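Each of the next two complexes has subunit A plus one more chain, namely subunit B in the first and subunit C in the second.
Entry: the complex of A and B
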């Protein structure tokens, strides 16, 4: 039973990271129409920044976060200015821009590889040792678990407020709904685009920093996180931020809680864990990307909440 | 007869006499004066090298490359000093710690006409390039592949290390000898991990032990559920005689150790490992100190294929490597050193780089060659036949973490010795 709770905690922690990453990918896709595969490398760069600053230069771990966010935002802006924006202006299709993002990602990754190999930091971890803050029998909750879940939820709320309550947020939503109409109605799309790059770079910086504390990192860390994050985006219906967040948690639970149950009670090997991600992704695509389980789940949750309200 | 015609006659006799004289003189000069020695053309052979220079395995690959550069220099100096008209040149390709990278590197080297490859080539990579090197007749020596699945006779892949059928048995005997009759095993679900596990499982059960096992998928971002399951398995096995065996690559193992260190069950049993964790990257300064503390606490003990008595050649190689690169070779450098030397001697003897000739010579010569890693005798599959293993334990001495040798397995006598310290 204790192990079951531990699996739930792991699911929430991993799910939070997937959800935050899925948020960044969805925002890019919805507002500026890019399947941004290079997003993985923004995460890796910020992970290396935090790991190097904290372990090699003894910078306080909390001070590493703003530097890592700044790095991810900078790379996000540079990639957009040098690659995505010129391609969009030339009238490239969404697939062409996606291929360009894959190439950009590979380029960045190999630069990270070279840097890491030369400096002997291929495998590195941020200098922070997480500690148990709650212990019930063998069930352990660490300060890092609480920090990851707390920070991701807080950041998602902040991003939600920016999108829903500010003028720039309204402009992003206008571009999201109809890019051409937004442009014709006088919205300075280039300015909004830059703001979107900042908004998607920020979660990348946070995830990278958190990941470098949570786990050892390598030049492929961001890449390894990309598949489940994209799966979450697909589950979320590609352009739904709440859907992507729910998708992230669904993936987290699938890989941890569900696999634990499957192994424990049906003897399913954990070697099949990656199949969870792929199956959820395929299922979402089969059902159709615009009526995906996340929306279905949302409506069930909404109905359940309404039902409870009526019962009272 | 006029006076003019008799003058011409005399002149003709003189010319003929002169020509005969020149001919006789030249013939005598060949007999009497020895010929100047002909300049023998020095033949240069290019040896392909495949190593993980980038990616998670770069720590190992860079060491293999550096050892390769050092060894080729040493060989060329030796040949030059002894007027042997053979020189080697190294052509290095990065396999990027992936199977696809290794295949692409092999194809690139094959495309350049290279007939001999010496490489890091862990089992997954060796398996990946096998069909290419066999079909293109490229004689290949791996310095680190150990999977029993690749023990195949009459192929073009030779291996400087013994297959894990031996290491699996050594691990089983080691764990059994240290008093553990139950083991929870977590292993990499690839030719390497499955290979070690298969032979460990057979031997440990033969000894009377109980095993619970868990295969994990390589290259996942997170291993929380695997560690949780491992903890659950240890609890199910229960009792003081339970240990954990991990067969993993260092970058995945660190992630697992980092989770396991907070688990009360997993941090109170002894852990064992195969040779893949003894290398750079696990312990500080490269690895996290909290993980190293955990490894000291759980007394991580493992095997490592190395001669029990350090050969003179090994001492010289280590010294040379340290002088050149400012660090000690930890993993596969010495195997690269031996592989390149045997290849060089084969090339010198054969006078050509015909892969079939070199392969036969390599097999025969290796069986009589005692290199830095000891006697390199090969079995019928082209794999090392006799293998000693060092037994190491992670210890912290004077504030420094290290893999301290605490015993060994004698490959000739199948005897396990553990230091009483």
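Entry: the complex of A and C
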């Protein structure tokens, strides 16, 4: 029973990470129409920054966060300026941009590999040991768990406020609905684009830092985090932010809670974890992602929210 | 020296034919039918896993080997058994080729099901996720190909030839022949009426539907054919390198297939062959050159990856249709028409002759 609760806690923690990541991916996809596979590498870079700063130079862990966020945002802006923006200007198809984003991600990943193997830090972890803050029998809740869940939910709330309440959020929503119309009605598309890049770089930095504290990292760890996050985006219906968040938590629960139940009661090997993610994603695809009930329900709620925003 | 050159030639030819099969199948999907397949490595790895699962178990059952299939002793035993029984090793090779082709076709058909309902980009990302997560699964599950360690001792079909150089040469010629067969098959396919239909599906799905073509069936057929081709390429690869190691089959293979196709030319089979040649030359060259006069403090494969990704990015930016762009269809009617045009021109102005 205690184990079950522990599984629930880790589901919530992992689910929050997936949800925040899926949020960033959906934002890029919806507003500037990029399947950003290089996102994984933003996460990896910030994870390495945090781990190196805290373990090599013994910087305080809270000071690592701004540096990591800054590096992720920088990489995000550079990638957009050098790759995505020229491609969009040339009128490339969405598949070509997606291919370019995978190539960019691989390029950054190889650079990280070279950096890590030259400096002999291929496997590294941030120097921080989490402490138990609450202990009920054997059920342990660490400060890291609370920190991850709190920070991710806080970030999502901030994003929601930015997108629903501010002027630039309104412009993002306009681009989301109709890119050409937004451009014609005088929205400075490049400015909004840069803002979106900063906006999606920030959660990448936070996720990377948190992940480097949570577990050991390698140059591929960002990529392995990105796969379930993209699956969450698919489950959520591709361009719906609430859908992506729900998908993230769904996959977090699938990978931890359902896996634990299957392991405990049916003796399924823990190796089947990726297959659970896959089957959730395929189920969503086969029953048609755009009529998932959760998304439908939430779309009504978001429509109400955006309606209030438009009324101003 | 000559032996070394022959080895280099046979290795290059084998990799060339594997690359050609892989990129031809991608060209059939994306170039001619417009299905963006980002899960190439999934179908490629299927063929390799068929070899890794099928070959050791068959040898174990026939010869009653008690050793567990994953151990090093078992792999040397397999090699020695296969060296004694030429007909057996050839039969196993043929059977795995057929099996992997069938499995690839089946999986391609299954995967095509969601793609019939959904947009192309949905299919692209879901195939990519399927490819990567299935690799993670195979890596952690020990009962398929021994998990993280991979399975070794997969006997080359010509292992009974005592000379290793001759063995590799024969194998490379065989795989080259298979690639040639596929090349002519695809050439015939895309220049037939069927090819015209799939091109119309690529250009405008709605119009081909209006003209009475069932787009779903065409897409499913193309996906099965091309997936079965990539599975056969994976099978050839596994037999060539002699072991199956799950972490081999990362997304880089998919990128290579796209790179070869885009480099040569989308919807142009000759271009794809050109792309594969460039790929093999750069790949083999980078494997050999740095060890001679360049000592790097890191793995050469990272350098190779960086070069290839930069080439890919440059191609997408500056030459999205490839070096050799698409050519008009090569049909008998067109030949007659062109000959007719030539005759007409020569009749009009005989001075040009």
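In this text, the second predicted complex is superposed on the first by the 293 of 312 C-alpha atoms of A that agree within 3 Å, B and C clash if a C-alpha of one lies under 4 Å from a C-alpha of the other, contacts with A are read in each partner's own complex, and residues count from 1 in each chain.
In this section, contacts are C-beta pairs under 8 Å (C-beta built on N, C-alpha and C of every residue); 3 or more make two chains touch, one makes a residue touch a chain.
Note that the coordinates shown come from a computational prediction; the quantities given were computed from them, not determined experimentally.
Visitor: Using the superposition on subunit A, decide if subunit B and subunit C clash or fit.
Guide: clash
Visitor: Can A:96 be said to touch subunit B (first), subunit C (second), both, or neither?
Guide: A:96 sits against subunit C, while subunit B stays out of touch.
Visitor: Regarding the shared-chain residue A:35, is it in contact with subunit B (first), subunit C (second), both, or neither?
Guide: Touch partner of A:35: subunit C, not subunit B.
Visitor: Go through the superposed model and pick first if A:191 touches only subunit B, second if only subunit C, both, or neither.
Guide: neither
Visitor: Using the touch definition from the top, say if A:224 reaches subunit B (first), subunit C (second), both or neither.
Guide: both
Visitor: With both complexes superposed on chain A, which partner does A:129 reach: first (subunit B), second (subunit C), both or neither?
Guide: In the superposed model, A:129 contacts subunit B only, not subunit C.
Visitor: Give one of first, second, both or neither to describe whether A:274 is in contact with subunit B, with subunit C, with both, or with none.
Guide: In the superposition, A:274 touches subunit B and subunit C alike.
Visitor: One more residue to check, A:117. First (subunit B), second (subunit C), both or neither?
Guide: Touch partners of A:117: subunit B and subunit C.
Visitor: Which subunit A residues are contacted by subunit C in one complex and by subunit B in the other?
Guide: The answer is residues 110, 113-114, 117, 224, 269-274 of subunit A.
Visitor: Contact residues on subunit A for subunit C in the complex?
Guide: So the residues of subunit A touching subunit C come out as 35, 37, 83, 86-87, 90, 92, 94-96, 98-100, 102-104, 106-107, 110-111, 113-114, 117-118, 223-224, 227, 230-231, 234, 238, 269-275, 277-278, 281-282, 285-286, 288-289.
Visitor: Considering the complex alone, what residue numbers of subunit C touch subunit A?
Guide: These residues of subunit C touch subunit A: 36, 38, 113-114, 117-118, 120-122, 124-126, 128-130, 132-134, 136-137, 140-142, 147, 251-252, 255, 258, 262, 297-299, 302-303, 305-306, 309-310, 312-313, 316-317, 320.
Visitor: Can you list the subunit B residues touching subunit A in their complex?
Guide: 53-56, 58-59, 62, 96, 189, 214-217, 219-222, 224-226, 228-229, 231-232, 235, 250-251, 254-255, 258, 262-265, 281, 286-288, 290
Visitor: Using the touch definition from the top, list the residues of subunit A that touch subunit B in their complex.
Guide: Result: residues 3, 6-7, 10, 13-14, 110, 113-114, 116-117, 120-125, 127, 129-130, 132, 138, 140, 142, 211, 214-216, 218-221, 224-225, 228, 255-256, 259-260, 263-264, 269-274 of subunit A touch subunit B.
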